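Questions regarding the structure given below will be posed in turn.
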Amino acid sequence: MTARVELVGVRKIFNEGQPNAFRAIDGVDLSLPAGGVTVLAGPSGSGKTTLLTLIGCLARPTEGRVRLDGRDISGLPEPFLAALRRQTFGFVFQRFNLIRGLTVLENVMLPAYPLGTPHRALTRRAGALLQRLGVGHRAGAPVESLSGGEAQRTAIARALINDPTVLIADEPTANLDTALSLAFLEIVSGLRAEGRTLLLSSHDPLVREASVVDRVAELRDGRLVADRDPLAESAQ
Amino acid sequence: MTELRRTLARQRYLLDYTVASMSRRRTRNLGLLLVYVGMVFLLASVLFYSSALKHEAGLLLAEAPDIVVQRMVAGRHALIPAQHAESLRGIRGVRVVEGRLWGYHYDPAVRANYTLLVPPADDVEPGTAVIGPALARARGAGIGDVLSFRGQDGTLHPFRIAAILPQESALASADLFLVAESDFRALFGIPEGQYTDIALQIPNPREERTVAEKVLEALPDSRPILRAEMLRTYDAVFDWRSALVLLPLSGALLAFAILAWEKASGLSADERREIGILKAVGWETGDILSMKFWEGGLLSLLAFLFGTAAAYWHVFGLSAPLLAPVMQGWSVLYPDFRLTPAIDATQLLALFCLTVLPYLAATLVPVWRAAVTDPDEVMR
Amino acid sequence: MMVQTPILALFMADLLGLLLLIPAGLFALQVLRHWDPSSGRAQQLRLEKRTPLVAAILGLVLLTQILALPLFVHTVDRMALQIVGAMCAVGTLNANFWGLPALLLRIGLFFLAAAWLLMHRMDKLAPDYPLIRAKYGLVLLILPLAAVTAGVQLAFFLQLDPDVITSCCGSLFSQGSESVAAHMAGLPALPTMFALYGTIGLALAAAGVYLRWRRALVPFGILATLSFPVAIAAIVAFLSLYVYEHPLHHCPFCLLQPDYGRIGYALYLPLFGATAIGLGLALSAAFARRQSLRDVLAAAAPPLVITAAAGLTLFAALAAWITSQSNLILIGY
């Protein structure tokens, strides 16, 4: 169930070789503990989101290696990366990125289509996930009609539909009020208890200070400037 | 086996998703479908029509004599004397030799040519005529009515209509005007002992060439025409005509391909975002490609079905009002004859190649470009 | 020259395929020169992104050939009506030098495109692009082949004049003539029969060896590929005779006509399918130097081997059935 993610000398350069070349990530070494909650902190533009896309296999590093349980995944062909996105990493986007025109249930089922899971089993699983996240009653509703909190839960359900070992969330509380943010952290702690590895990017103090967080890594200008382990600190 | 089932289930999901996605962008797809159907309709009409005409010509020639012998004078077709027929009777392999009388008469009233013919049995009573259905309709004539023609000497020749030929085999009989031999000779001033040409029946098709050579030996001023040669010529002419009609249409085909290319490459921001999301949640390039090809395939299938069905109705139901003036071109007397449906698989295959392949080729690159959308594009 | 709608369709199909294959060929050159999967640089990402496009192009080329092969044969067969002396497709093909080469090149293009797609499928299943160089080398072979096919077909139709006197099937395959086709007809029935069942038998044995011990995939592929020319020779030498029940009519095309129940499709479909799979497997296995590809083949090849073997078995069974049902006696007691 748990997965270990390591980054070694990872760089990401946009518009490489052109005058407007831009080093979004500039040599990051990082290892995520299996089965813990890590927060990537830092000001906006520090490269948090880019680093998430590199770990979540949405993009490939220009240089360096990303390893999953010791296996180099940074040079894999596209279908393999897609399979990892599908089954190993669940991604919750800052703006949720639900597909308009489809219902909540259909949105949740989307990542399972390429697997060819039997339809009945899939519907049941998606329904159960929505139920567990407290949005079961909205299953048949079009996603346009959802509130911010409901949309996030739908996005989480979609990220979990293929039972990934790593869940990545980009600025998960940016669009939520305090009550909903706390409810989100509740969900996170439940997922952590299942042994999943969680990676959140956030500059929300509420998230960084949360008791469920095992580790905070701070990014600035594409480099890791601080790596704090609250558990280790409190142990000392 | 489970692998196969998984692949099939995957494709079914993709197909379902495609259908849903197409119906969400209904207006855009409908426009393209309409043009596509029109394209298939045009090409299919030309193909069906030419093959139907070939079929009709084949029917027409099926009853034609094996060899027709014409007399040539100064390189032109001239009347042939009855003695010529006598000298042909001796040739081995020839069963029947008969002189034929036929010709055309221009009727200013309907501005059309009739084919005047003396039936081989000469069973039409003098003073009467048996006419084709199209001719009857054009002149509004029924049985018992009288039609008059001005003969070669300026006198009027009245014919009482004794019968009207049945509607089947319309192309062959539509403009026929059957008269008695004596009337024919009087009308056109053809003396006794002269015929338009001579028809030969040869039971064994293998002897046709030898017979034709012997005809030439016996009658150096004659031109024997084999039915097989006529068939071949008709076949070639109709093929050629349909291709000539299609050539200018290739411009339309190109325009259609450009339209398809544009429609496929002009993805809305919404659609781009959707593909980005699908990629981000774990669909691979191949899945998006499959989805897009399902879309193209469905569109092509619909266009092909609607287009060919409409063309079938146009050609065999309505007698191709849009094409008849271009392709038929030998008489103006055919307002309403029905073509016998004649379609073969080769034609449909050619039609498929001409319409669906350009569509697929035109959309290939835009579809690929959409499919390789970076999954992290939705984050930018 | 003959202008006909199916000819226009064939010509357009060739042209479209060629138009798409040219950029694929240029891309293949880039891949052979710059491919470096360990790099995450922009150039490599661009190359990787383009591979699905090349696969789609080859897919379209294959579809084109699947459509064009029967279209070509039936068109040529129909045109026999307009050519004195031609009684079926063989007569038309024989009307000038380019006819038979046009058909053979088209068949070659079909097999190479199908084999390429099979190799691509295997390549995609492995995590380290084991067949990338072999695949793009093959693209560089397919491109000129497609160009030559289009050219030869154009030459064939341009030089085809209606009413040229040509020989019909009977004389094309008559013994003593010098052409290849005549040589096929010249093959005596009994040895050809042995060759047919022998080759297919060996291929099936190789399939058995592979399925049991996971060895001899390359020999199986080669034997399955070899079955194609042997089977065609057998069709010309004796199978067609048994179908037509005529001791001289050696035509491999009239089998496709409704007069003979279109039995040719039942013979050719499994044969073409088995050969395409065999060739694809032989090429994939021959280049399987990396362990990753061997693992992929071990998982993905068996069902393909079974499919190809089933195709060959079907062909052999149908051939035996035709022979036993026929009223014609070719081989004396």
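Going in written order, the chains are labelled A, B and C, and every chain counts its residues from 1.
The working rule: a residue touches a chain if its C-beta (ideal position, glycine included) is under 8 Å from a C-beta of that chain, and two chains touch if they have at least 3 such contacts.
A quick note: this is a predicted structure, and the numbers were derived from the prediction, not measured.
Taken chain by chain, the contacts link every pair, so each chain touches all the others.
Chain pairs B-C and A-C differ in how many C-beta pairs they share in contact, with the greater number at B-C. Once the centre of each chain is set as its mean CA position, chain A and chain B turn out to be 64 Å apart. Note on chain placement: the centre of chain B and the centre of chain C lie 34 Å apart, centres being C-alpha means. Spacing of chain A relative to chain C, judged by their CA centroids, is 49 angstrom. In chain C, the residues touching two or more other chains are 49, 52, 124.
In chain A, the positions touching at least two other chains are 78-79.
In chain B, the residues that touch at least two other chains are 285-286.
Chain B makes touch with chain C in their complex at residues 3-4, 46-47, 50, 231-232, 235-236, 239-240, 242-244, 246-247, 250, 285-286, 289, 345-347, 349-354, 357-358, 360-361, 364-365, 367-368, 371-372. Taken in their complex, chain C has these residues touching chain A: 37-38, 40-42, 45, 48-49, 52, 124, 127-129. On the chain B side of its complex with chain A, the touching residues are 5-10, 12-14, 17, 20, 24, 270, 273-274, 276-287, 374-376, 378-379. Those residues of chain A that touch chain C in the complex are listed here as 16-17, 60-64, 74-80. By the touch criterion given at the top, residues 49, 53, 58-59, 78-79, 82-83, 85-87, 91, 93-94, 97-102, 110-111, 113-119, 158-159, 162, 170 of chain A touch chain B in their complex.
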